[in-house]
């Protein structure tokens, strides 16, 4: 039996996609639409205050293609807050037009696979704190996808030695480092919480970099042999200042 | 042919998820909403009386993410009662807004795999009675997922010796014991009743423990080689006292 | 090439699940509801007459869980009658509230696998007639699931010898006999008619017996190596006398 | 690399399933219903004229079970006509009640696998013309299913020799010949056009023959080792004379 | 570890399918319909201007079968423009009837697998520019399908040598060349952007050529061993001049 990995865990995370019901929105009066947008901007302001107080973070993305229209990403210290935020959106005026779609529940995760980290007291390291409770970068584009590790006869991630797992992930990390400054990444774990095992959230100024990094990593041994991927979704950052324009008819 | 397992079976169980139709709820008058909530609280009171009489148990959870809004768990002596409860919810006023989603039908199950239990007369053991007809703990969080055992050429759970199955499950149980006081578990069997073969319902004060226990168990040989998992759903406990607030606009 | 099996075939069978639209039903006037129920009871009476004339059989079950609310099982000499019955339900008043769900089209089937049956003239045997044109037992619970046999490199049901298939099914039948008096079974074949290859419909006084028999059979070699299962659905018998109560608000 | 097969290709084919919206239909006035039926009968008359001019063929089937209510099969020389027919149905009055379901786009196909056909000039053969541009038989029942050939390590249809493919298909054809007079078959190819690789449309006077032929063929080596099947749908022929009765309330 | 491929990347691409809501369209007044069509034609005119300025390209296709009614293909320099176009359609009058369906997000891609291209400075080659920023041909028919390369134990595309990958793709290209003048092809990559790994968009005067080329290529070693395919969708070109007729009742 392989030695189980030890993780450090941070904020609870909700990826929440919504399709906007434009037909119903158009049948709503201009006054009601204005009120709905204003109320939504107030919600965003409240969320920003939470972020300023270092009690969470969030971003909204305009999704490309028909999988959804908006992707919300929320990080909070507790699952209670994530459920309350969902409910607050649904109870709000604009919530009537934000039809819930695919969502993903997970917790920010760091593993001890990097051999250079062995023996260090990471809990006290401020960089660790920053990674476990990350403030989402306001980069122009985001990409989300869930993944899992294979448990097949010929390739069973959970059966191989911890040292081998560390080596494979180290090589994988080396590929990632080539994209420093171009791609930021947050890993969240969903084992016991949602489908798949991990969620990968990427940020970039140029969405071509999502294609380049994921493509190059597909040749990494850890991916080639052990990775299974769910669906990918990409979106463009929606700033609070652009919300009124987004919903304007 | 491997020797079939002998099970002890308890209460029939229904996991019933619902999405709340907030848009229609908002279009309902305040008086109708109050009546609907009051009627629902009376239903809950009736269910609580059943529990006090040791004729069943139940809990409601606020689901995180968009898979559902509420997860009901009902345990009753008969399948008839489970169908009647579903119908009673659907006929109630608030039932119009509780759109049925994924559900899971099973029966509380104990197996004889623990070698220390061999030869004991478990039927008369009050602890066995308590496990077969369990009162759900009012812990803050619940997690549900269905699972099955593989029947592949290279890993066929139903072909291996009973002694080997017992050993694998014993090791698995040892991992579980590390979480005593942190995670409670109810196993229900759904072979012949629903998709998958078993349902696992976990309870915790801290939802991070769901991730930790399922993650660590993924390295157990019985999981690594033989387990297939369905989707995971987690929720936060909804007390009767909090129902009015939950539905308040 | 393995010798193809020879089947005896009986009545055409339709398993038809429906979700009841309680929200719309509540918006219907009491008089319209009464008329709809009365018309539905007349339909049931007509179906019962068909059964008395030995020209078919049927039963209705209240489904546990959210997969459906009602499961209709119809057996008739022809596929034309099965389509007409579906249409008659849809055209009826209550049909507006019976939203069609999963269905399964098959034909009652007996195979010649039992070695004790070789050489007998089964066509003239009245017990064969009774099994090919069965009157459904009015037992309290029913269970339905579809299944198929594997066609893999390592386990290909359609490639192994007829004698081996007979042996495997004979052992399987021995497990079934232990449940005589507790579980009744009807096998229908759907090759060329619907997804999967066979449908299994079980009847029991105690639904725990569904779990026990399917669980024990999972250790039979024919299941362990060759069986694939679809979804399971269980329900509680709905007598005509209970119909008005079922739909009462 | 195995030698690619050479096909002869005929009419473009659309299998188009529809669910009838009986609830909305009942809310329509009798006059509107009469007009909708009359307009639909005129459409059918126009289609029949196309068939009389040998410029296409079509049939409508009443589907058994809840997968659909009606199955339309259209054959035409061009994909343009198939799209226009779909649009014409959708624009018609009755189109408002014919909710589109599963469809399948393909082209009638003959392959050169029969060794007796080698070297013949089949293009000039009138029987070939009749098979590539077939007039659908007005037999009482139809069955449709899509299929594909496996491309696995252990069984890869597209890697084996053309001679071996020819032998396997010849044996398969021999099974089919046993059903001459009982079952008619049209093979259409959908590689590059739709999911799966081929569509099989069967016609019979007795739907039991669908079960018998597909069951027996499942023991053919080409099926046992190389075939994957999609879903099966069966229906009963709907003549123009029976249309008014079909839709009558 | 195999050497990762180097790609050249061009315009961002959106394949966007829509089902037209004919029932609601018929309930709209003739004046509103005229206005909606006129507004849509203006949108098309704006898109055409973008194409004339070499800042993008697009085409609309009438889909055969029920998967969708219309397929839009948009190519633009940025993902921002693709999201804005989707939103512009949804905000337009006719957008109320264009129900979003399956979509696919990707980027035009060229790989360096052709051995004859090694060492050339392709960036300066105007033919490369034309392929990375392609103006869609106005051929009568289009076909779209997504695909991926296998990562199995016995066939793992991302593990084999770059030279072997080049050889396999070269042979594949040779099959494609036989269809010069009959089929045009645009390859887009979706790794990191959407499900599957590549999208293939074909254009032809005769849709039979879609079947012929994909069928013949299925025998290519690279397909036989390494390819997995998603669903195929085909459509007939819709010129701006034909839009009014398309929507006319």
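Labels A, B, C, D and E are assigned to the chains in the order they are written; within every chain, residues are numbered from 1.
The definition used in the following text is that a residue touches a chain if its C-beta (ideal position, glycine included) is under 8 Å from a C-beta of that chain, and two chains touch if they have at least 3 such contacts.
None of the values given here were measured: they were computed from a predicted structure.
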item: If a chain touches chain B and chain D alike, it appears here; value: C
item: Rotation, 0 to 180 degrees and nearest 5, that superposes chain A on copy chain E via CA atoms; value: 70
item: Same-site or different-site touching of chain A by its copy chain B, using the half cut; value: different
item: Averaged-CA centre spacing for the pair chain E and chain D, given as whole angstrom; value: 28
item: Chain centre separation (chain C, chain E; CA means) in Å; value: 46
item: Numbers and ranges of chain C residues touching at least 2 other chains; value: none
item: Chain order, ring traversed from chain A with chain B following; value: A, B, C, D, E
item: Touch list for chain C against partner chain D, complex; value: 1-5, 7, 9, 12, 14, 16-17, 79-80, 82-83, 86-87, 90-91, 95-96, 100-105, 107, 151, 153, 156, 158-159, 189-195
item: Sites on chain A touched by chain E in the complex; value: 19-20, 22-23, 26, 62-67, 69, 141, 143, 145, 152, 154-155, 171, 202, 207-208, 210-216, 218-221, 223-225, 227, 231-232, 234-236, 246, 249
